[in-house]
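Two complexes, one shared chain (chain A), two partners (chain B, chain C).
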Partner chain A sequence: MTDKGPRSAGGAWYQHLLLAPPLVFFAAFAVFPLLFTLYVSLSVWSISGDHRFIGFGNYAELLTSPDFQTTFFNTVAFAVATVLVEYVCGMTAALMLYRSRAGQGALRLAFLLPMMFTPVVVGFIWRTMFDPSYGPVDALLRWVGLPSVPWLSERPWAFAAVVIADVWQWTPFMFLIIYAAMRALPTAPLEAAVVDGASSRQVFWDHMMPMLLPASLTAILLRTIESFKLFDVVYLLTGGGPGVGTATITLSAYFTGLRNGDLGSAAAMTFLLLVVVLVVTTVLLKVAARIGRTKPRRRVVELPQTSPSEGVPA
Partner chain B sequence: MMSKLGAWGRRLFLLVWVVFALLPAYWALSTSFKRQVDIYNGPKMIPFVDFTPTLDAWQRLWVASQSDFLPKLLNSFVFSAVSSLIAVVLGAFAAYGLARFEYRYGAYRNDDISFLIVSQRIMPPIVSVLALYVVYVQLRALDTAWGMILAFTSMNLPIAVYLLRSFFAAIPEELEQAAALDGYPAVLRLVRVVFPLAAPGLASAFMLSFFFAWNDFLFALMLTFNKAQTLPLYISSLSAQSQPEWALIAAVGMIALIPPVVVTLVLDRYMSKQVLVGGVR
Partner chain C sequence: MTAELKVSELSVTYGDVAAVRIDELSLDAGEFGVLLGPSGAGKTSSLKAIAGLLPGAAGAVHLGGRDISRTAPEERDIAMCFESYALYPHLTVRKNLEFPLRAPRRVRELTAQERRRRVDEVADVLGLGQLLERRPAQLSGGQRQRVSLGRALVRRPTLLLLDEPISHLDAKLRNGMRAELKRMQRDMGVTTLFATPDQGEAFALGDRVFVLDAGELRQVGEPTELYLRPSNVRVAELLGAPRINLVDGEVRGQRVTVLGLERPAEGLRDGPVLVGLRPADLTVGGHRELEAAVVAVQPLGNAAIVTVKVSGQTLRVLTQGAFDEWQVGDAVGLGVRSGSLLLFDPVTTMCVKAGI
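Coming up: the complex of A and B.
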């Protein structure tokens, strides 16, 4: 990178050609659809093609619709609940595995398995798992002596079912990133703390946690972005029901736009979703940037360059 | 002692979590070997004790008159592979540019450009797919292979650029200068020297792209209706029946699991250390 000066001066044509395809794709598949969706959201737009500009009518209608309010609440609540539970479980699993001497390889692959299932298949698995008549979950509850639960047909339970399915599939992702970061930690300061008489709880909270903060934020940021897209599993598991009890904005937009043919209203929904995602992402990126700036005192190790081999028991 | 208690707590947690992770996977696998009666009289867990396993579902998949499985499998495979290949090739050139040259488009420098490109992945796909649907209707791209491949490429190109940039940045420029002294023209330098050195990165980007395209449901649901449908669409159409044939769905699900498992096993080394953590700094 030392000779960037002279090479940047002219900027040969082929240098710009290198960037052209992604930028063209970006324009065609992100910028244009975004502006187009904005325009559609300000119109009465039927799927047959008829359309008429109306301004903010769709938005006004949505914001006063109880169904949309529920859908909006669901989307945010799913994001908060799944990311929170997945982070805590992923961190715990990573820490427990990091501290155990045996079985790291096999257990790690077992932990990662759910992530490899196609989301639609995850929907199928949990729909049959939670089935009241032939699913194993209720059978297990009965066997333990607990009453059976209307998993897919009543609101709080259906909501929990979606969260459980998502946690099953995506905790592995949190685990993957945090566990990799853990193994890249320098072991010397941790061992020194143990020699100084720190309990394992202190070692974790005072020494490991601060060093794991950047990786944690990365994992949380990526999962948060993805969690707002929640669709496939809900589509298969509950279909958004009961009523709109577990519907997400993506799901409602699909049903409103393609099934009911009201593209204008659907577009307005997706725009409101986009606003939420942008606000949340911006906040998280700001937090990440601030933590990135204040890190030097803690001797935080840059993850990518460190060789993790020393942290891995044979 | 406390630490002994802690050790047992740790083992208990690991055991519970491993059961939680594997049990649903086992449930799916065992379901694929069940007869319809055994499924609906369930839950049956242990083969030969609870139920008599049968290969019925696995065999029916391959019989064209009984299922649409093969064409959908082929679609999924071709769309994922071709779109990932395009994404990686185009992404590699762009990533190389971003790693080696200094760009300035208005206020946008290299970091801003690469963030701009990857920011597409922050946008929920439903925002763009509604507009794409309208455009695809006009272009007659609905339910076509090229329409799906373009859509998947647009989904994967940002990731390819973002991941590969850090790989190319890590390749010493001196190697290229040496090749230049040996008389290699610029394009050959790239293809003969730089790309082979970045092979692990290119492979990772390809496999990750494949993984995303393979698992896509929303694009396929919105932009296809018949001959360009993919495996996830096939699964969802099977499960929409009143008494779904879960065994058939489970068998398809197990086959759909193969590419991601291969990807994960191969990527495991890079992914846990460099690609993800390094790429998303």
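Coming up: the complex of A and C.
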């Protein structure tokens, strides 16, 4: 190549220098903390500052610890449960609003309200709601004649309580993305489907859902990444209890590192979480890319097969 | 299968704005109706209202003698082609064509093989055989248009509504599709209402033309009849290309004077009058009744639109044959074919006399 375009890697040294400021920031605020955390996770590192490199000791200890296994399982289970329920609820709400004729503005605002609370407030709201002595949820159960439920102190209920609180707060996020995508859908194909005789169920499943798939995946991806980092609501609602029954990785990293002063183990926990999130994100992005590719792909003209070895004379 | 359409007292309002107010619109069974109107006249709204897609529409729609005004759109047995084609982007052409046959009210009528055969039939007629496994994004405009038409025809509807289906095609394709559409409609005998802003399509396709302007029907009739005897200025303007010339004239003592020309006009009251002169009824060149000056020449290939000035009025003239004869600035004679004048009341814009 004689002519180097503006995008080629060559060019004067000062052109590269112009990239330095963002790279310095990236190194200082992303690369360094990441590598430092990795180093900490490979050490015995007390909060007092004493530290000693020990290799994979922290990881080995964590992976064999039943408490950490529970925590790990909790984190994944919370992520799956909350994202699933939030998606279904968000889609339902979006569809209801999309099909309603009046009151869209007010309802839209009402739907978004929970998202505007800080998680601490949400934690307190639901802690009050689920309180065994004065909580409205138990009062409601008693009123319809059902037995009282130990919401925050026994395992399946505590788990459900956390899911409910998270769903309450984050369904609006799913709703917002899906509703926006719904409003942006071309109306003509949907009208055509109606004229073609489709039932409203068919219009939704056969046409709206496939057309909403990219937006759905985006919403699911964003919520999945966030929900793996679930902390505030659990911290306030159950404190991770009973035992470690509702503890998440972030929560136990906090307790291990900042309460018990074992920074090495805490760093190892967060690093494991990072690996999980990376894997899940990669898988979801692959799925999204495959779906996106159903759009026109250049047709390869099929020629009679000649293997490469045949093409090259010996 | 085919049935007559009768629409009465149809009105569509968007907020406070009345978009469509049609007193009556009817088509005989198997007839090809054209809804002609400029953009914004309410053509799409009218079609959607007939299809039942507009919740804000009021009025009665009878199809085959049955009142379907309160029938849900999916139960009306009306097929519609949308201006944007409205193909299902995530489905292949085959699935697009098959979709109407899978609707709940029809799914039991046909077996999977019969559905397949019906789709193949329609694809064959429309030349879509090679494209059945493609998706809409992989098709050209003309192909998409065919798929959209095929999807409407595959279920043999009682009424076919077409919303400017061929307006977006290039001129050559459009002419071909016009002929094909007319032939298919006649073969299938399906009652059809076709909306278009193009007067050429109205002439080429319409058994009956409904001229829609500002949401109201101005005139209904065969295209030639509308061309020769428009009931008002708007209809005269909408049919015929290039557009009709409108010049001021004067009626005095049973005679009309326009551009220094005099013609008998019995039965008309004295006073000002608007005179319509079709560009095709005017001729330039040689020694004619009027003196004119050429202002502009727009060649069309086998013809030309020559713009001339006569006693301060600008007129478009459609000349046949050689067009390089005329140069801007030339003084030419202008002839007006006898029996071609249209007279309109300047206040009400209604036609008061045609063919003098």
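Just so it is clear, the second predicted complex is superposed on the first by the 271 of 314 C-alpha atoms of A that agree within 3 Å, B and C clash if a C-alpha of one lies under 4 Å from a C-alpha of the other, contacts with A are read in each partner's own complex, and residues count from 1 in each chain.
The definition used in the following text is that a residue touches a chain if its C-beta (ideal position, glycine included) is under 8 Å from a C-beta of that chain, and two chains touch if they have at least 3 such contacts.
Given the structure is predicted, the values throughout are model-derived calculations rather than measurements.
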- Message: Please determine, from the superposition on chain A, whether chain B and chain C clash or fit.
- Response: fit
- First, second, both or neither for A:F117, with chain B first and chain C second: first
- Have a look at where A:Q202 lands relative to chain B and chain C in the superposition and call it first, second, both or neither. second
- When both complexes are superposed, which of chain B and chain C contacts more residues belonging to chain A? B
- Message: Taking the superposition on A as described, I'd like to know which of chain B and chain C A:R101 touches: first, second, both or neither.
- Response: second
- Should A:A193 be classified as contacting the first partner (chain B), the second (chain C), both, or neither? second
- What is the contact status of A:D232 with respect to chain B (first) and chain C (second): first, second, both, or neither? first
- Once the shared chain is lined up, is A:A215 touching chain B (first), chain C (second), both, or neither of them? first
- Please work out whether A:R52 is in contact with chain B alone, chain C alone, both, or neither, and reply first, second, both or neither. neither
- Item | Shortest span in Å between Cα atoms of chain B and of chain C, once chain A is used as the common reference | 10
- Common ground on chain A, meaning residues reached by chain C in one complex and by chain B in the other: 199
- Query: Which of the residues in chain C end up touching chain A in this complex?
  - Reply: 48, 51, 53, 55, 73-76, 78-80, 82, 84-90, 99-100, 102-106, 135, 137-138, 151, 155
- Contact set on chain A toward chain C in their complex: 101, 186, 188-189, 191-199, 202, 206-207, 210-211, 294-296
- Note on the structure: The chain B residues in contact with chain A across the complex are 2-3, 6, 10-11, 13-14, 17-18, 20-25, 27-28, 31, 39-43, 45, 90-91, 93-94, 96-98, 100-104, 113, 116-117, 119-135, 137, 150-151, 153-154, 157-158, 161, 166, 169, 173, 186, 214-215, 217-218, 221-222, 231-232, 235-236, 239, 246, 249-250, 252-253, 256-257, 260-261, 263-264, 268, 271-274, 276-278, 280-281
- Would you pull the chain A residues touching chain B in the complex into a rising list? 1, 3-4, 7-8, 11, 14-16, 18-19, 21-23, 25-26, 28-30, 32-34, 36-37, 40, 49, 89, 92-93, 96-97, 99-100, 107, 109-121, 123-129, 133-136, 139, 168, 172, 176-177, 179-181, 183-184, 199-200, 215, 218, 222, 225, 228-229, 231-232, 235-236, 249-250, 253-254, 257-258, 263, 266-267, 270-271, 273-274, 277-278, 281, 303-304, 308
